[in-house]
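Encoded as structure tokens, the structure appears first; notes follow it.
Chain lettering (A, B and C) follows the sequence in which the chains are written, and residue indices restart at 1 in each chain.
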């Protein structure tokens, strides 16, 4: 049994859980009611993989095929909502949950694209999309500019892209798929948390005289 | 001929009409021009079912298969735009049109998922998604926080979820599909209009020290 | 070899390039970092055609089938980002790039729908959707009201609709497909640039007493 066989379900469960948490945190900040909050948390947790499956024409979509994923997500959502309700986690908690989801889903998205017979740049793009789409959907639905596109939230897409590139290049160079996956996830987390905690960033574009 | 055979086309036409109306009302509040308003109204009326068909891999998508649905939607849009132009309907009218669309599309979405061979939780999720997605698309496109996620608009997803759950559980308990559909729609309407008119609501999440 | 065979790839390349430019311009105005900006530019360039392919069940999606399109888009993005970085193009440049993309993608979207065996109103709708969706995705992701729905940006959907209607009606009346495509693109450009530069517009909806 390969490392990949181990990583995929783990990443799926953990990714769904942390993404649901980040959705619940966003919902708490918007003062949504419980069902609205659950909806937002599930959209965050399942949105990226759903987009990936639609783009790759993988049917049934992963949570239609295995409704247990829906129940896992709902359970994580309920726990996260209780946490939000009683423990009042800080803004930093949303960023860390989001970073964990970014790492898990980036690599699992790439693994699914590989399993669907895709190669090279398409795998990288699917990893990136799966990683960032859930959080983008969460923020668009909540009426906020996506973390992905906020000047104050640097290295977001960059971290995802670096992680999936490591995952792909590592395997080309002979790295075990499981270690490549773990290394890729670690790289995403390190870059994104480095940006959040230590202020790492890429240069921003400068454009000063655009109107509006 | 079962009640379901009667309800489905009726729900489709009526749902498209009221959703187009709610889109046209939103467009009027944004002062869009006529073509932009029609586009928004059609996206509202057809967005939920389109998402459902993509997720269930039902092709051709319902309005590609039967372009008559497009024409019905356009006709409803034109009537709604004339109404908006000459009669200046109040904000409450948008909420009621939206509640009607929520009721119609929730149940017809569940019926389509049943017809596609899905069961249990997937049918409930498809009903919920079909019901709420059109309004969410309308609000996201118009640059507003979706009604679904506004603290001032309670019981939105809740009403849809309760209605589709009634529809499913009722049929398991032997209720005629037609009556289950009518009952489910009535429940959505009652809960949502109860929230709008009488102020019913679920407890909101409390979270006070999140930044931003 | 028909005119269509010539126009399609040209429109694809040019459309991707100008759409990537408009995405990069929007990214520059938001002060995104380089990877976030590239992501936004690619979503703008590829979003409309992706939606069209999903709706028509054309798989693999065009850029999954031909990853070279991704590289072209990335190259255009890099050039556009350099332009944004060093030459500080004005707001007007974003409008013109957007109008070019609207023209190219409207007609190429219609051509793809024709090639997929669709007819009449579905071709018109696919042209319209392919034309406007990229810009809508760009604006929604950047947290702005889409150009399509701004009262200050008239004749947006109108131009696309007029162009694709010309393209369809022209061919019915015996016009060569290549000339119909060129004429349709020209009509989109003329109407939209007329609106931007000369202030052409359709009457806006009036609705004054809606709350919120």
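The criterion applied here is as follows: a contact is a pair of C-beta atoms (placed from the backbone, for glycine too) under 8 Å apart; a residue touches a chain by one contact, two chains touch by 3 or more.
Bear in mind the structure is a predicted one, so any value in this text is a computation, not a measurement.
S.K.: Looking only at residue numbers at the chain B/chain C interface, is the share used by both copies over half or under half? Answer same or different.
M.R.: different
S.K.: After a C-alpha superposition of chain A on chain B, what does the rotation angle come to, in degrees rounded to the nearest 5?
M.R.: 120
S.K.: Using CA atom averages as chain centres, what separation in Å is found between chain B and chain C?
M.R.: 29
S.K.: Among the residues of chain C, pick out those that touch two or more other chains and give their numbers.
M.R.: Counting only residues that touch two or more other chains, chain C contributes 54, 140.
S.K.: In their complex, what parts of chain A are in touch with chain C?
M.R.: Per the stated touch rule, the residues are 54-57, 118, 120-122, 125, 128, 132, 136, 140, 144-146, 148-149, 151, 154-158, 161, 201-212.
S.K.: Could you please specify the touching residues of chain B with respect to chain C in the complex?
M.R.: Against chain C, the touching part of chain B is residues 25, 27-40, 50, 54, 59-61, 64, 67, 70-71, 81, 84-85, 88-91, 94, 140-143.
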